[in-house]
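Have a look at this one.
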Amino acid sequence: MTQNQALFEYLLRLGDSDLILGQRLCELVGNAPALEEEMAIGNVALDLIGQARSWMTLAAEVASAAEIEGAGRSADDLAFTRDERAYRNLLIVEQANGNFADTMARQYLFDVWHFHLLSALSGSADERIAAIAAKGLKEVIYHLRRSSAWIKRLGDGTEESHAKMQDAIDEIWTYSGEMFIADEVDSLLADAGIGADLNQLRSLWQADVQALLAEATLNCPSMDEYMQRGSKQGLHTEQLGFLLAEMQFLPRAYPGASW
Amino acid sequence: MSPEERAFQEKIDAEIKIEPKNWMPEGYRRTLIRQISQHAHSEIVGMLPEKNWLTRAPNFKRKLQLLAKIQDEGGHGLYLYSAMETLGADRDEEVAKLHSGEVKYSSIFNYPALSWADMGTIGWLVDGAAIVNQVVLQRTSYGPYSRAMIRICKEESFHQRQGYQILLHMMQNGTDEQKAMVQDSINRFWWPAMMMFGPHDSDSPNSAQSMAWKIKRMSNDDLRQRFIDQTVPQLEFLGCTAPDPDLKWNETRGHYDFGEIDWTEFYDVVKGNGPCNRDRLRTRRKAIEEGTWVREAASAYAAKQKQKNAAA
Amino acid sequence: MTQNQALFEYLLRLGDSDLILGQRLCELVGNAPALEEEMAIGNVALDLIGQARSWMTLAAEVASAAEIEGAGRSADDLAFTRDERAYRNLLIVEQANGNFADTMARQYLFDVWHFHLLSALSGSADERIAAIAAKGLKEVIYHLRRSSAWIKRLGDGTEESHAKMQDAIDEIWTYSGEMFIADEVDSLLADAGIGADLNQLRSLWQADVQALLAEATLNCPSMDEYMQRGSKQGLHTEQLGFLLAEMQFLPRAYPGASW
Amino acid sequence: MSPEERAFQEKIDAEIKIEPKNWMPEGYRRTLIRQISQHAHSEIVGMLPEKNWLTRAPNFKRKLQLLAKIQDEGGHGLYLYSAMETLGADRDEEVAKLHSGEVKYSSIFNYPALSWADMGTIGWLVDGAAIVNQVVLQRTSYGPYSRAMIRICKEESFHQRQGYQILLHMMQNGTDEQKAMVQDSINRFWWPAMMMFGPHDSDSPNSAQSMAWKIKRMSNDDLRQRFIDQTVPQLEFLGCTAPDPDLKWNETRGHYDFGEIDWTEFYDVVKGNGPCNRDRLRTRRKAIEEGTWVREAASAYAAKQKQKNAAA
């Protein structure tokens, strides 16, 4: 694997996770517990889809410059015509919205990871990556502040909200471990000072999550529980296919059309 | 007329804005609460037809634009609710009236968004019609409402241009299918957009008082004429047609003539029989109902925190 | 409008309504209140999709023979590549499944219409139509028996089921009137002895529905209530687009591929 | 051994079927109930991965085929529950054990169906493996189970051929993308299908008693070998490969040699950690929970009717 191939793959992973979580949040427009929340969810979606666009634009540039697989495809092509098996988003972000606690549990566990990831990537040896990460980090600080607040509110709110929040954490937990599983791509880029060290991320993530869940009077499941994996090989849960069928409908139905 | 009332009307006549702490007639307050709340509800319900295509937007640029537009509308809604609250109204109570069907929102949002071209048409025609209304409302007599309108108008103009660009792009760079999609969308939204200015002046009994209070500043029919006059050249530039055989330039009047609106349809939709009335309200009600436990949790948490802080 | 054009349009309407209702029922596999019900729903779906195939196959034949719009397209092309605005199914069948009472209210009101329609078409002057209708009728007799039974069980079951069933009828009612609105296509074919007389259908439907709802202790809304319409012009509710995005995904994503 | 027990075993040895009213050892009954219920649950849960593509089947023919197959599986489930009930077990109780995780179903259904090709592979490999099991079970000692197997086997063979046809069509008439889809699907399902025959005989402690009672009639490893031997030529005819570098014909044994199964994965999935375990159970539980009011209504209605009939 060349460094450019690894880089292309790495950028797709970043972009796909942002895009798919953004798409899930788009589904919630008109469907949040308060208008202010709807606005907040929309803002997070806007940030994530914007970041996805930046990552995929860079991925398209890298592929074309290095003439590797994916060359000649635009960011839109990558987002709107790749198949489920070629998608590289983390399994956690494709999980359905569920109730508000489910939505927030998914968001919080992702946000903590996203925050530490972008912090690390802000110092990437690849300046293009550092620039996108630094810009994204400002947004993600706000995402994390918000989702942390909701974990506390729901965890330490009413009995009902506590039970729902604990269920939500317990259910989504099995999809959290995948964020820290490094493969050849990760190692190659971490060694080159371009990508993030996932082991380091794991410790930071664990400390933050354990502390916040404790503050929220919630039980934190063990990091040693069985964790689902597969997204780095494009092995997704059955939910992603339906999401893509909807998201990609127009470009699929009118191949080559410009919008 | 009482001295207070006279002073109030004199201010109005002198184009001095009424502010929240000023004395105002009960009717003025009630009329404004109704109008501003309807306007706010319209922003919120108006997010739904666009949401319908948000998850199916065809590329990054359009998806981000559409989401940003929806967010702006939510922001307008919140801003307008605030203006309404300066009149002593309660947001939750007014939203409850929306959900029970007691208070309406703009009927245009009871038409379905059936193709991507509708995202263009809604921006161009629907926001376009809204702007014609709102530009005049920038001079409305109630200060907070007037200021809200100034702010909102800026963003709406941006949305309108964006909507027009969507259509223009499809007409200039699109396939035959895409062009047909645009024309079809215009065919469906043309008349509902015309209806957005309300009934004929002769059928609009409350207008006179609102005009005297300068809540309203132009009549329904005048606003409609202004909208048509500015829209037809844009329609022609697109290379599309309107579904109105009577539409033509009248040299004498210096305005476009146009056909008679189907008022039966207008009143049917107002009564709740439009294609989407029930869906729209159901969606809004469901969001609030399903969020009850969340709002309760937030209150409980806030109370606990307050107690902790007091104890500390 | 030539008779063949009218016929093509008429066959699409028949086929589209069957297919879309069949698709809605497919969504319920794994999601019915009892295994036996799941099986029954699956059987109805199987019948409806089979009938849709017959109607669309005939539509494709008619179009090709008469060289009108649609010529050269197969039944699969008609089903899996037509756009929302070209779809001609009744609005009632595209409505979401909702709860079991909603599903059954939609099914029953459609079944009564479908039964009388196919009864009439069994005597069509066009033998191809008569044959498909006669075969379908045998299946629809069973569909109707089953949905009638559920209307009674839920209507005259518990307080909860009664309330849910009444709500379901009240909600779906506005989509029932469209089944009887005749346009040029209907008139032309009814006059030729090929299509059904929708006025006659209306009376038959009304009598059946009023009697059954009364037996089920349910209030029957008025036939004079405001009724939604539009499907004959391809003006659908917002639900159909999502259904089609899912149903048509593969043929759209791989244009021209054979499966 | 009691005289009853001896008589029972003599019947078994003489290949006489045990029927519901015959005396049988408690262990035999319990083992059968567990095995048949697991088999029935597997049919029901096995509908779900296919349902996942039912709404996205690419044409009429495939959609109808797939739905018919799913319906057959439901039928098998019901048929097997009936066979189980002849042993005095209660269907609702056994289903409750499934939902609580106390009783398992075939682990193969805990793998996701990620592409249309999986509809072929599941028919070909998964139903294929099931048939190898079931063909032998046609001679199982319990009459109702044996008869259920005879009936089920016929339909399963049909499904298997249909599944193979799906893959063959894609390989012979498909685009490169479709061919890649087939190979990818085989790569994903190959090992899980091999695991369907259970652990090695040496790790399968209950097998000996089941063999003596002729509930089981062939060992796990023998069944697996039979399946591989019949499957590899079909694989080659497809023009595909297996994700097993050790797979090759062994002239001496007259069988295919194959690589070692990843038993860690096997036990992980059995323990509930497969990709879809939780989804599958959640779906089944949800269906039953949400249907409570419907079943109550049906009972209430039936009771009313009974009362009416009695009064008449």
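Letters A, B, C and D mark the chains in the order given here, with residues in each chain numbered from 1 onward.
Quick note on the criterion: a contact is a pair of C-beta atoms (placed from the backbone, for glycine too) under 8 Å apart; a residue touches a chain by one contact, two chains touch by 3 or more.
Going by UniProt, the chains are A, C = Phenylacetic acid degradation protein.
Fair warning: this is a prediction, and the values are worked out from it, not measured in the lab.
Remark: among chain pairs B-C and C-D, C-D carries the greater number of C-beta contacts. Note: centroid distance subunit A to subunit D, computed from Cα atoms, is 36 Å. Separating the CA-averaged centres of subunit B and subunit D is a span of 58 Å.
Each of the following residues of subunit A touches two or more other chains: 241, 245-246, 249. In subunit B, 56 are the positions where the chain touches two or more neighbouring chains simultaneously. By the document's touch criterion, interfaces exist between A-B, A-C, A-D, B-C, C-D. Partner subunit A is touched in their complex by these residues of subunit B: 44, 47-48, 51, 54-60, 62-64, 67-68, 70-71, 74-75, 77-78, 116, 166, 169-170, 173-175, 177-178, 283-284, 286-288, 290-298, 300-302, 304. Subunit C contributes residues 83-85, 171, 174, 226, 228, 230, 235-238, 241, 245 to its touches with subunit B in the complex. Across the interface of their complex, subunit B is touched by residues 23, 26-27, 29-39, 42-43, 45-46, 49-50, 52-53, 56, 75-76, 79-80, 99-100, 152-154, 156-158, 160-161, 164, 246-247, 249-251, 254, 257-259 of subunit A.
Looking at the complex, you find that subunit B touches subunit C at residues 49, 52, 56, 112-115, 184, 188, 268, 271, 273, 275-276, 278-279. Contact residues of subunit C toward subunit A in the complex are 83, 241-242, 245-246, 248-249, 252-253, 255.
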